[in-house]
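Worksheet: one structure, shown below.
Letters A, B, C, D, E and F name the chains as they come in the text, with residue numbers starting at 1 for each one.
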Amino acid sequence: MRGLHRRWSREVLWGIGLLSLMGPTVWAQATSAPTVDAGDTAWVLTASALVMLMTAPGLALFYGGLVSQRNVLSTLMHSFFLLCLISVQWVVLGYSLSFGPDLGGIIGRLTYWGLKGVGGEPNAGMNVPHLAFVMFQGMFAVITVALITGTFVERIRFTAFVLFAVMWATLVYDPLAHWVWGGGWLGKLGALDFAGGTVVHISSGVSALVAALVIGRRRGYPEKVLPPHNLPLTILGAALLWFGWFGFNAGSALAANGLAATAFTVTHAAAAMAGLMWAFIEWKHRGKPTVLGTATGSVAGLVAITPASGYVSTLSALAIGIGAGVIGYWGVNILKPRLGYDDSLDVFGVHGLCGTWGALATGLFASRAVNPLGADGALFGNPGQLLVQLIGVVATWVLAAAMTFLILKVVALVTPLRVTEEEEIAGLDLVLHGEVAYNFLSPGMGGTAHVPARSDAAVAPVRAEEPSRGG
Amino acid sequence: MRGLHRRWSREVLWGIGLLSLMGPTVWAQATSAPTVDAGDTAWVLTASALVMLMTAPGLALFYGGLVSQRNVLSTLMHSFFLLCLISVQWVVLGYSLSFGPDLGGIIGRLTYWGLKGVGGEPNAGMNVPHLAFVMFQGMFAVITVALITGTFVERIRFTAFVLFAVMWATLVYDPLAHWVWGGGWLGKLGALDFAGGTVVHISSGVSALVAALVIGRRRGYPEKVLPPHNLPLTILGAALLWFGWFGFNAGSALAANGLAATAFTVTHAAAAMAGLMWAFIEWKHRGKPTVLGTATGSVAGLVAITPASGYVSTLSALAIGIGAGVIGYWGVNILKPRLGYDDSLDVFGVHGLCGTWGALATGLFASRAVNPLGADGALFGNPGQLLVQLIGVVATWVLAAAMTFLILKVVALVTPLRVTEEEEIAGLDLVLHGEVAYNFLSPGMGGTAHVPARSDAAVAPVRAEEPSRGG
Amino acid sequence: MRGLHRRWSREVLWGIGLLSLMGPTVWAQATSAPTVDAGDTAWVLTASALVMLMTAPGLALFYGGLVSQRNVLSTLMHSFFLLCLISVQWVVLGYSLSFGPDLGGIIGRLTYWGLKGVGGEPNAGMNVPHLAFVMFQGMFAVITVALITGTFVERIRFTAFVLFAVMWATLVYDPLAHWVWGGGWLGKLGALDFAGGTVVHISSGVSALVAALVIGRRRGYPEKVLPPHNLPLTILGAALLWFGWFGFNAGSALAANGLAATAFTVTHAAAAMAGLMWAFIEWKHRGKPTVLGTATGSVAGLVAITPASGYVSTLSALAIGIGAGVIGYWGVNILKPRLGYDDSLDVFGVHGLCGTWGALATGLFASRAVNPLGADGALFGNPGQLLVQLIGVVATWVLAAAMTFLILKVVALVTPLRVTEEEEIAGLDLVLHGEVAYNFLSPGMGGTAHVPARSDAAVAPVRAEEPSRGG
Amino acid sequence: MKKIESIIRPHLLDAVKNALQEIGVMGMTVTEVRGFGRQKGHTEMYRGSEYTTDFLPKVKIEIVLPDELVEAAVEVILRTARTGRFGDGKIFIFPVEEAIRIRTGERGESAV
Amino acid sequence: MKKIESIIRPHLLDAVKNALQEIGVMGMTVTEVRGFGRQKGHTEMYRGSEYTTDFLPKVKIEIVLPDELVEAAVEVILRTARTGRFGDGKIFIFPVEEAIRIRTGERGESAV
Amino acid sequence: MKKIESIIRPHLLDAVKNALQEIGVMGMTVTEVRGFGRQKGHTEMYRGSEYTTDFLPKVKIEIVLPDELVEAAVEVILRTARTGRFGDGKIFIFPVEEAIRIRTGERGESAV
């Protein structure tokens, strides 16, 4: 396995480089036979938990607050169920496909299926246990699939969603992670993606666009869709995303060192700047700064800084944040209405476009002065890096778009993708899950409980609100 | 104190064992005179904060969303107030009872009352400050008591609750923690409980069952109880529980090492698998997978893996998760309705039964290949371990059931356990706390504020909604 | 820069002192040329993320739940927008003003503007990267400004708020942080403020009082203001504040060591004790313990222990918590109604008064037995420390009060501070941000969406609910 | 045809509905309302403030029904909604000029 | 003057309102209600419990209008609120004795 | 007996209620409603979308009272609920056939 984790070993080398400047007292982290360092492990475990938090409750609430009241549970279910589903896929299969021994630069071998032989020993080239690396990476797989769900909320059938998710994780995420981070061809090419601009954000954002086109608009879109039902939930979700993103980006140093602190700082700066930017554009353009706009802007900034977070300075991060605010606002407020697709929660505008901006911006702003083992970008005298970044972007767009299209077509052969119009009116919570999110009514108006006796356990399928009984 | 913390010293030894395989460069963690290691300390402090988060807001919201609107604050109050109450009990008394110098294998001496003489120096046999250990353990005490409250929400009087909580913490939790982890007889017997399957989950779950029987059903149960009033809060709570559980289980390694990474991984795998399992059973059995079911399933998985989390492989964790999904579903959906007790939020079904399953499963799936200082389970050639686990389970059931019964009977002598039927209709929030959770009404319908002048500070007790004035 | 960070270097020395007691095996942390320690860095990064979480979602929700439904978004916006705004101010300017090379004991030089030359290398006298220190401190700046907003919710105009925030951060927070922690005169005087009793809590609390007086009461206060609209959000926020406060106080050790564990413990103990205390006072004084009271009490305890958290024992922390419960309760329930100012969410009562209590209590309870490099307080034979603390308190009160008054007067010259009475009735969410927090209505009653075509992008300013059209 | 509007205690709605159903009332419309009357309101406490509200949660039932069912329905409500304490609520009876079922366009008594 | 009260399906409110506006109805008042009738309720599942509710979300429209507009309004509602399935709702017509506009004090038909 | 239904601005409810109480109105029932009329609605913005709503929050007061109190009550409402701007609302008066107090079974004017 040695030599596969090109990106990670870079950072280790960087550590050694720095350490050698500091004299011999700090040799502990730089031994060639890697050992588990408690500090690095503490940080990577913490970061893994933080990235888990991003999916649920972070993203779940960010999305859940934006849909209408009758679909909030089905939206939360997307994220929560994926946390279960993709985590199992990951430990059984996904990790090995992504980070198993390389097979032609394309995919990993199944050596590690079921995490066989993966334990507490240090991972190759790192000072953290192999399993800590597995978990950290697994949380990325989970959230990437979850991000896509924002595009098809309020209409997708649950069966179709489950099939899509498993196939997408296996056929898009795992290969892509291998290409960039697992020893595959993109990483070998020198494409910089510190924490997942291509692997996570472009892939999910572009797939979301394709899914929006294949699955189609919500009934009544755009004139008759309902406004967000609970913005405080959305703001809570956005803040948790920001919080978790420190794990996402600074955790990607895979060590608790200066690089992690750099990534932490530029992440925070870009998020803050992009949030401000979005709010100010709204203020000028439409008369008022909105809370949702500010939160959306900060997420756009977090997306854009992700690939760059280990390679750029704070001032560059501010510039990247400004770009993210402008590009995200344009994508969500101008481009989407003009083209008319119903990417319901703006996955493409925020993750696809700003992820692309971030990947290219890495080719502009990267600097060896920040990270000696990264590369210089175009603004620091190395325009070639921008080209490499462009190749990475294009490859990701193509893979994500083509495979998402294919997967959805295959799923559609097995099961319908959408609920019926009547079900859409009744709401997915009741129709698909038999649950209602809020019961704020007076007692007596909210239904009568009965606990099913044993015999009627195999109960008739629940009726939706709208359909009447026959006859 | 040396030698008392049997379980902890095992892990330290394990560290030494592994380290010796890795050559002399990693001696730092293995010195016999323990020192504070910054990495381990960072992890244990983080884990302590995570476990705190499990109680409030985690469990508070998980429970709070499930009750009816008029009781949500009283339910939140249970968790939040316990965070205050048991924390004070812990630093004053509880820690010493649990982890003070052993008295006959039964209880700790009061040497450490008020944390006298407990400071920043390393705890015996560990690389973390004594106070870090105190805090980590204290958060366990808090959440264990808080777990029980799910059984008697919507009807218990606050005074009774407070008395019960203090007595239970002192007479059940502290001794039990001592038996298993503090140098008591169960630990000496070789019972494996990595992070609290017996101490936390069986004890709270069994106590909840007894409390449900002693306190009795809610008025109108099961036909007329109200449905959950706010499921998004519950899902948020469940996700925070999962997040915090990384601290609970992986923190129980008390170090940031390979063992912590193992515990982290199996925790995540079991939770994910059990959530999936519960959803699929529902899907088959009742026609739809629910969000609440998926969340409940993942909590069941977290419970079951808790005692095993330092001793089993990832594949075993998946098996434990499957078992937790099946057993939890059966307990909540089949057993409870059949027996008819009103364990309102399923503390027994989720924590009691799945905790028992986890404790026994540890005796099946434990493997020295995972943790050389644990033990092999029945499936790895050592059926005796299963017997030891069974003894631990039985002892915990007996202690928890008998003491809970006794404590409640004693409390009932002093003060009524339940509110009146009229108060139950009006809701505990208003009756016990004089507060209303939500004010979504138009201005003017929500009451008129007046700030009490000094003289009427000793205001007449607040009237409940339902009771009319006399005459 | 060496020598400026008086407080931090103290802790480092303390580490050395302790370590020397423990023999030569632990020399790694004690080298005089500081190096980045992974464990310390893991903890400081984690702590930085935790403090970020305190502002949003923590404080945002704590405050947001307490206002009326029509103002919840504007209240969330205060915190979320400040997270963006002050973070940018901090990296561009604020850090350098606070911690740049000292200029006469008053302010830092602009050496570090835009974080030029600040990177992953260890910060002077510490084992963590300079940027980690920058981020940790930056989160303090953010939350301090955010705390103030509780005083003027439901009536302040957004433009005035933005101007006030930038000026206050620059003219109050940054100098004060410099005085106490950045090498300024107060730190040199020997004033103890471990984690921000003066810098954060007194400064925000006193400024809130002044702002309440300058901006004036809400329309109808006190008789006609609306009750809190969503207490579960507030409890969630309070719990997140508590959680994040572990980062705030224990992170202020800037290392993962015994001192951090001490700070963690006393923080927890004081919060728990103060929450209990507040609840019991309510119970006696008004007949019922409230959830909001318990939560408010625990925040009061967290405030009070903040300056003392690195210097006192657990028993002292309990005493400080008792004091915080009493003083906070008195400030909020007795003093405020009597004086009649509308500090809407009790920033002065909770942060101003309890912060003052904490700063003075540090002068009482501090003990070298706890932290050999702190000081002894009056109760440990050194009454002089109380005097020094008093000087710190008075200086902070004067700076905060005078500058807040001035800043508000200047802002008022540029733009009105308050919305009109009609806008106050309609609610700030709709009037200032064009958003509505909750849409729980039936479909059809919640409005019709239309996506603005390009030409009407420059839409007419949104009308408020109440005003009718002309004619 | 008449319309009965009855204000009752929320937790008795279920019992009232079931009893009405038994005497042949086939439909009704229910609204959450707040009532002000002889029944005393309650007091809430939030930090230093006390809020007293005179508006208490009630449920309003509206039933349009043939004249001959009116007295029976009134009886049923009086029986099932009564606790004997202040705040039990009211029954009001109004004239109805026409009733139409939207689904079929039927008019008059057959529409309800 | 008459008052029309109509119970309809919530998602059709917008269509009904627009159509009414076209025939000159200038104002109305809308309330969220729960309806019980021939339309079957639904079942919810929470862990081991099932909840069946007979009260379904409906919207009640109230319009006070001059006698001569009544039939036209009824027509419009019948047309726009009908799906043909159980649960489409009702139209009830009531006599009105007086209508007053608060802003101006105007009385009678000019007030609505 | 008559029933007064009045649609008013929510924030004036308290003032109206207090004034009514002074002239001897002993009870009333209040409902949250949405009103459509001459008063213009507002616009909300969520990312790229704008939502305009014509339904504005109002409060409906229902009072059943003896004939002789009607004019006084109307006067009070006109006085306390008026701002002079569009959207102040309406007062409608309806005939009542019977009123019954559930607690006692009393009928007629003594029941209200």
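Assume contacts are C-beta pairs under 8 Å (C-beta built on N, C-alpha and C of every residue); 3 or more make two chains touch, one makes a residue touch a chain.
These numbers come from a predicted model, not from an experiment.
Touching chain A and chain E at once are the following chains: B, C, D, F.
Inter-chain centre distance (chain E to chain F, centres taken as mean C-alpha positions): 18 Å. Mean C-alpha positions place chain A and chain C at a centre distance of 31 Å.
Per-chain Cα centroids separate chain A from chain D by 51 Å. Shown for chain E are the residues in touch with two or more other chains, namely 11, 14, 17, 30-32, 34, 38, 44-46, 48-49, 51, 55, 57, 85-87, 94-95.
Contact with two or more other chains is made by residues 28, 37-40, 42-43, 46, 222, 224-225, 227-228, 230, 256, 286, 288, 290, 292, 334, 337, 425, 434-436, 438, 440-441, 443, 445-452, 459, 462 of chain A. In terms of which chains touch, the assembly is arranged so that all chains touch all other chains.
Those residues of chain A lying in contact with chain C across their complex are 18, 22-23, 25-26, 28-29, 37-40, 42-43, 46, 50, 68-69, 127, 222-232, 235-236, 238-240, 242-243, 246-247, 250, 255-262, 264-265, 268-269, 271-273, 275-276, 279, 285-292, 294-295, 297-298, 313-315, 318, 334, 337-338, 370, 425, 438, 440.
Chain A meets chain E in the complex at residues 224, 425, 430, 434-436, 441, 445-452, 459, 462-469. Note for the complex: chain E touches chain C at residues 10-14, 17, 30, 32, 57, 59.
Chain F contributes residues 9, 11, 14, 34, 38-46, 48-53, 55-57, 85-87 to its touches with chain C in the complex. Every residue of chain E that touches chain D in the complex is listed here, in rising order: 2, 6-8, 31-38, 54-55, 58, 60, 74, 77-78, 81-95.
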